[in-house]
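Before I ask anything, here is the structure I am working with.
Should a chain be cited, it is by its letter among A, B, C and D, assigned in written order, with residues numbered from 1 in that chain.
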Amino acid sequence: MFLMVSGLKKMAKFEGHVLPGTFVLIYGFCLTVKHVLQHLWRTHQPKGQQNMPPFFKRTDYAEGGFLIIAAFVGITVEWFVVDGPHVYFYRNGSWVNLQHSTMYLFFGISGIAMVASTRCKLVPTGVDRLALSLALFVEGFLFYYHVHNRPLLDAHIHKLVLVPVFGGSASTMLEVFIRDNIILELLRACLFILQGSWFYQIGFVLYPLRGPAWDSNDGNVMFITVCFCWHLAVALLLVACTYIVVWSTVRRFSGRQLDTEIGMRNTSSKTSSQKALLEESDEE
Amino acid sequence: MFLMVSGLKKMAKFEGHVLPGTFVLIYGFCLTVKHVLQHLWRTHQPKGQQNMPPFFKRTDYAEGGFLIIAAFVGITVEWFVVDGPHVYFYRNGSWVNLQHSTMYLFFGISGIAMVASTRCKLVPTGVDRLALSLALFVEGFLFYYHVHNRPLLDAHIHKLVLVPVFGGSASTMLEVFIRDNIILELLRACLFILQGSWFYQIGFVLYPLRGPAWDSNDGNVMFITVCFCWHLAVALLLVACTYIVVWSTVRRFSGRQLDTEIGMRNTSSKTSSQKALLEESDEE
Amino acid sequence: MFLMVSGLKKMAKFEGHVLPGTFVLIYGFCLTVKHVLQHLWRTHQPKGQQNMPPFFKRTDYAEGGFLIIAAFVGITVEWFVVDGPHVYFYRNGSWVNLQHSTMYLFFGISGIAMVASTRCKLVPTGVDRLALSLALFVEGFLFYYHVHNRPLLDAHIHKLVLVPVFGGSASTMLEVFIRDNIILELLRACLFILQGSWFYQIGFVLYPLRGPAWDSNDGNVMFITVCFCWHLAVALLLVACTYIVVWSTVRRFSGRQLDTEIGMRNTSSKTSSQKALLEESDEE
Amino acid sequence: MFLMVSGLKKMAKFEGHVLPGTFVLIYGFCLTVKHVLQHLWRTHQPKGQQNMPPFFKRTDYAEGGFLIIAAFVGITVEWFVVDGPHVYFYRNGSWVNLQHSTMYLFFGISGIAMVASTRCKLVPTGVDRLALSLALFVEGFLFYYHVHNRPLLDAHIHKLVLVPVFGGSASTMLEVFIRDNIILELLRACLFILQGSWFYQIGFVLYPLRGPAWDSNDGNVMFITVCFCWHLAVALLLVACTYIVVWSTVRRFSGRQLDTEIGMRNTSSKTSSQKALLEESDEE
């Protein structure tokens, strides 16, 4: 009986890292696709025509909505199912849950800012990025004070997550001032993917479903550090592959679906963008 | 008798955090209103007409004057009423008072810089922001060395105030180079509000008027960290609400009072700005 | 006899802080005057005429020459008079002198870069600022490792000098990208003045000519921190006063000496700049 | 026999620092030459003609290829010759090799990014710099966790290498936004040279071929710090000399070889650039 409860607790902790990791991973991946599409659209557009087509407005709403719903689900699960068997997060003194809820709250706020700045022209440009940057800062800030009094490996593996979190916060803050820079946008997406995949790694290392957790010797700590770099390399690879796939898909369908999907482009610009795409493919 | 003196001391310490907190809170709130008004004015102005109306000059004078008076009051209270029963600030070795006075001094200097740069065109643009940034830096610098040899919770709660202080210093320094950016201006206002409300929190946690001060266990430290994030969320909410209220008030009165108040706008621009406001309200 | 030698050593250490302090102080003051003159010249110049007059080229040569000569004197004194009675700098293990010489060397390099970039158009713009920034970085870097194994007050007072040194390095690095910004130029001058006056403070606190050195209690440490802020306030005041004095002097002599001194301005621009200055003085 | 094995191990460790040092040194030197050539070309070009000549495309391919080959060689040597007698790198727990391989991997990725962004116009501008910045960040990140549990001098000398590594990472990140700035490009080259020469220094201090390794007293630590500054001075000198030599070589051959080498310049621009070069040489 005790073993079963202990197993459930372990599974809950494992899921407590894997579930948010999945959300963050999906978010990062969607961000990549969205920003690559926006970049291709910006690149192939004639100079005069600067209005975003309604398709991108819809993706912004979707992004904001995703953040709001994810935050709502997160807070609900934490607060109302907290005494059920499946979602224990540490519970020393009952404050821990509030930490996670607070993180979710700020991502919810950034979702609201996203929707508001897409909906209403009076909201100053860049508020969405500022809110996202603050959300990441708050996440890093709470993680930083989260890791006191833990074993070495546990503290180290949690501290490494601060790199994508604070790095993402800084790069998103830069986006307030440097808008529509594809490098910054993909860097942000890449850091979200890294963060998500690292949550998986934390789950597998600290609360493995089979076998004991890793112990805190120096070799393990060093290997985890190296492992973190490999996650970064894989995240970069994933973003690069997505870029190539999206770009070739757009090129293939550019004559048929893309324009009707994105809408609002007139015939002349369509032809010129097609020509540009064809010229590029010739050039390669 | 001893209890009464001790009670008075405690009240003095409580007031010593609440009074500056109130000042900072009011300052942050006024900054929000001022910068939202300026932003609305900038947005609805035709491109050609760039002179600030005299109304904004007067708000700049008021802001500078407020800083100078607040600094003067602060220094006076610290230096001349210091042996009275009501305003003890720690007094270990008699230097502590000089710390607070030094902080006030730099805010006074930034008030003078504000007035001077509004009054005289020869003062280089941005001096007011540089002086404010330095004032915040000095405040953070002194706070940083203020918290040695204190109990854990006391040190932690004082260290958290460094986040809005140094954050505000950095964002104000950025404003030296990026002028008239509403995001940076509202971020600064928001960080002032956070700083003010956090002084209240310090007063209520460390020198509560009723009941004992909180003890330094890990749960309390963690809860205070979470609490800090809620203060940030409330500050963001307050700035957002102020933005909406100011904007809707301006829209309602834009046909009648605003132009006569702000002055100097000619009829054509008045009509165009009214039209723009009406179009926006239609669009929503 | 022993007392006399000890007294000489103490005097040498006192001078070892006061002499560089004097150099840095003078340099900071000259920078202020030079950059205020440049700023006034830039402000009152018509848009079309952008060539710097030869007077400013000469001040750049003078600045570079000052740095080279100061570095040469510093290194000579350190290396060749090091066994004489008057210039002991700490001498634990004989490496200390090399630290100071290395600092001087980099200021010499920045002097050479200054002269080269004024002399020859092929040297890329901004090399002088980069070299100065590196010189300040190296100074701070060596100071940082200089303060190990010292008593608390000694370490603290030496650590505080890192604020103007690294602050100056950062602001000078910014000047590589943001040229001709009066705020950054005066900030740099102000930080040099602060650094110089702080060397005086170190001399008076650690190696006072009369009475014992201060001891390392908490009150003293805190007071030194506050004292540092006052030095900053005085440095700001000095820069502001210099600005006002230089500006009013220029205004008084602008009809007579300035133009002949600065040279190369034609009659029309002279009259327009005079008019501008007169209009400003009327406006006040 | 034991002595011989120990001697071989020491030599392996010495080579393990000198070989990468040589690679980095050569890379830094080639970067200097390449960026000086690019800068001279940009400076002497008429405004209208902005296409890079094919010569520079070829140097970009060469740079990317060099990085890919160096990374490939490094990883191969580490992984496949690791049990041979000549290339021991520390081997505590067998993870260490993975650290070095991971560093090489990221430089390989940055080489691929370099080639891709030169080859294909669809790769966003600045990706090559971002990848190089990440490679340097990963190198610094792994070095930072590399130095735990070592003797003082060993840890200190390894920590100093973080200055050029993180400095280079930051300056390369800046280049993503500020393209074609010769100061940043030469700073990057200079930091690579510093890093390379410092690897030599580490080899000579910790694993000297003759005599014992240095011990960890304070004098040695301080001297190493000073020594680091001299390496920086020498790196600056080397970059400056290269600049002068390249510039004078280009000036001498500008009438004959350069244009045919770089290609694609028409006669008029050739004459104007020659004239500009001659005028400069007269001016000096």
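In the analysis below, a contact is a pair of C-beta atoms (placed from the backbone, for glycine too) under 8 Å apart; a residue touches a chain by one contact, two chains touch by 3 or more.
Just so we're on the same page, UniProt names per chain: A, B, C, D = Transmembrane protein 45B.
Because the structure is predicted, anything quoted here is derived from the model rather than measured.
*Asks:* Check every other chain and keep only those touching both chain A and chain D; list them.
*Replies:* none
*Asks:* Do the two copies chain A and chain B share over half of their interface residue numbers, or under half; same or different?
*Replies:* different
*Asks:* From the centre of chain A, which chain's CA centre is farthest?
*Replies:* C
*Asks:* Could you give the separation in Å between the centres of chain B and chain C, each centre being the mean of its C-alpha atoms?
*Replies:* That pair's centroid distance is 33 Å.
*Asks:* Measuring from the mean C-alpha position of chain B to the mean C-alpha position of chain D, what distance in angstrom results?
*Replies:* Roughly 47 Å separates the two chain centres.
*Asks:* Provide the full list of chain pairs in touch.
*Replies:* Result of the pairwise touch check is A-B, A-D, B-C, C-D.
*Asks:* Which chain A residues qualify as touching chain D in the complex?
*Replies:* On the chain A side, the touching residues are 39, 43, 163, 178, 181-183, 186-187, 217-219, 221-223, 225-226, 229-230, 232-233, 236, 247, 280, 283-284.
*Asks:* Could you pull out which chain B residues touch chain C in their complex?
*Replies:* Counting only chain B, the residues touching chain C are 92-96, 98-99, 102, 105-106, 109, 120-122, 124, 126-127, 130-131, 134, 138, 141-142, 145, 148-149, 176-177.
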